[in-house]
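Labels for the chains are A, B and C, by order of writing; each one numbers its residues from 1.
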């Protein structure tokens, strides 16, 4: 069985690899700022083998999702930055937990592996985009395809350096940007559309999939900009704008 | 070997299916209105098995390309609307020619097949977007994937009706639109970005690849608009903006 | 007192010129397809001297608006294409009515004048964008500024020819375009963003104000496309995207 990628909105992805199922940053909970209802957990959150978390924000580490996925997934292992162990265990006490550090390589038997890379974000804007081990991305090797899920992050030398030795075929990147006024509203930022194009190209990806442009009112981006930025930059990659809930086989 | 799709710019595509190579509307010639140089015919135009032509305009039926591809492809068969036989034979006298009509199914042994569908365009604007058998599209079935290459066309009831009984996984569609001022400059139009999204969705495609937005100065479109139109329409498909010359394996 | 222009959304404008007030295509009614509530008639629809109508569609000739504006405007004269007399008199029996034909010049004492120009649209899609005197635009000369309100129209030779002898400083143009799928949904189209830029430039306008991009769900356009099209075309004009309800003094 080949790899199938299903975007679930925002930073949330489902990967079906061989007989295994992996979720990254599922967010099946309702939320007042949502621009669309959550996708059904019964369809996307059952029989999950690994649930990867990139950081503690609600749209990435959602206690409701952890609990509901765990209830539907007898073999679930939750993989998250080690500092988040207490949060994860409180949300899903019965699931196995694997705490990870940047640079770790996690085996996903029957599916592939995940290498843990740094992400530079922050619990709050006041944190100032620190070097904090509680924020990570993952480079997943699944069915021969290497996919970089960046978590939430700006681009820094550390992010670039961590990717340099790794192969990346598909770059899944946040694109909602970082602005003064959004930070004043306590929205910690991410890379914008131009940096996403350049980072994907520098990482050697042939496909860039933008995410984190759609979910929360007041923190969105137009995904078409990624395309026009890639064309302008003559970036040697394809831009794939996924539709939520529709499977894609890379 | 699975299917590999390489966009060569404008309406020009290369398909490598199994051991076979197919080109649609190759345009390797120089042209004063080009916004970028042609891709190298030595790289993309050798050992071609079938060269499909959608209509007679220079960026689709390019005598230079036909001649140069034929010179590099001992087994070449050129497939084109039957009314274009003289033009094709003059350009490439030594290549085999298969004249097709709408509704025909052309076998491509070792690769798959192509069904000929109508396109509504015109030699000149004064033609008024006629029902003319010299303009076609192709629905290619290659390695289990069905790809619709629309040629140059607006959307009409006839175009929609011809696609209705066919399966389409990937819709390759022109998106440069049709305007009064471009028509006044003798540029025959095509569907625009919104119609491309709606046609792809109605055809059941899960991936829309926009083309014909890049080549000729004064007749371009921003491909990001396709993405934003698809998001606005909540179309149940992915939009894939290909980079010229970079292979993509669907 | 100088000229003040207030856009009221869609094709609806308020012009305050000297001591006079003019409305074009007011639409103060509720409607299920609205993307925003109507602006308050008490603020924008009182003491109106002339109410100009471009054609009979509800978002241009709104019986509710005619009645409510008439009730608040003792000196109201409603100016509309002559074929619409019955519709106007039924909506606002007590208001004065001036039926106009293309080519007419209507004096607006104390404010300026209006020249009636053709618009090419249609009651229904099946009408096929006819030459119909019930569809007009207006070139208003107010306080020394010439403003072209196009009504709803595509660009045709007749539209271009009618504007040729007239001075236009500010072009107010619809930009929502015309597509197969919107026409299939019975939405009669207008010029799109590129044609609006080219028409404004050809008319000699130095300012283009796009309208008819915002009101009805399923019939909108992104106004930023007008801006990008003007930049791409190197059009010698400014694009002014007005905010509903915020006065602008040209």
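Convention: a contact is a pair of C-beta atoms (placed from the backbone, for glycine too) under 8 Å apart; a residue touches a chain by one contact, two chains touch by 3 or more.
Fair warning: this is a prediction, and the values are worked out from it, not measured in the lab.
The chains that touch both chain A and chain C are B.
Because chain B and chain C carry the same sequence, their contact can be compared by residue number, and over half of the numbers here are used by both. Chain centres here are Cα means. That of chain A falls 47 Å from that of chain C.
As a whole-number value, the distance joining the C-alpha centres of chain A and chain B reads 35 Å. Averaged Cα coordinates give chain B a centre that lies 40 Å from the centre of chain C.
With touch defined as above, residues shared between interfaces to two or more other chains in chain B number as follows: 222, 225, 228. Interface of chain C with chain B (complex): residues 154-156, 177, 179-182, 191-192, 194-195, 198-199, 220, 222, 225, 228, 232. Contacts from chain B toward chain A in the complex involve residues 206-207, 214, 222-228, 230-231, 235-243, 246-250.
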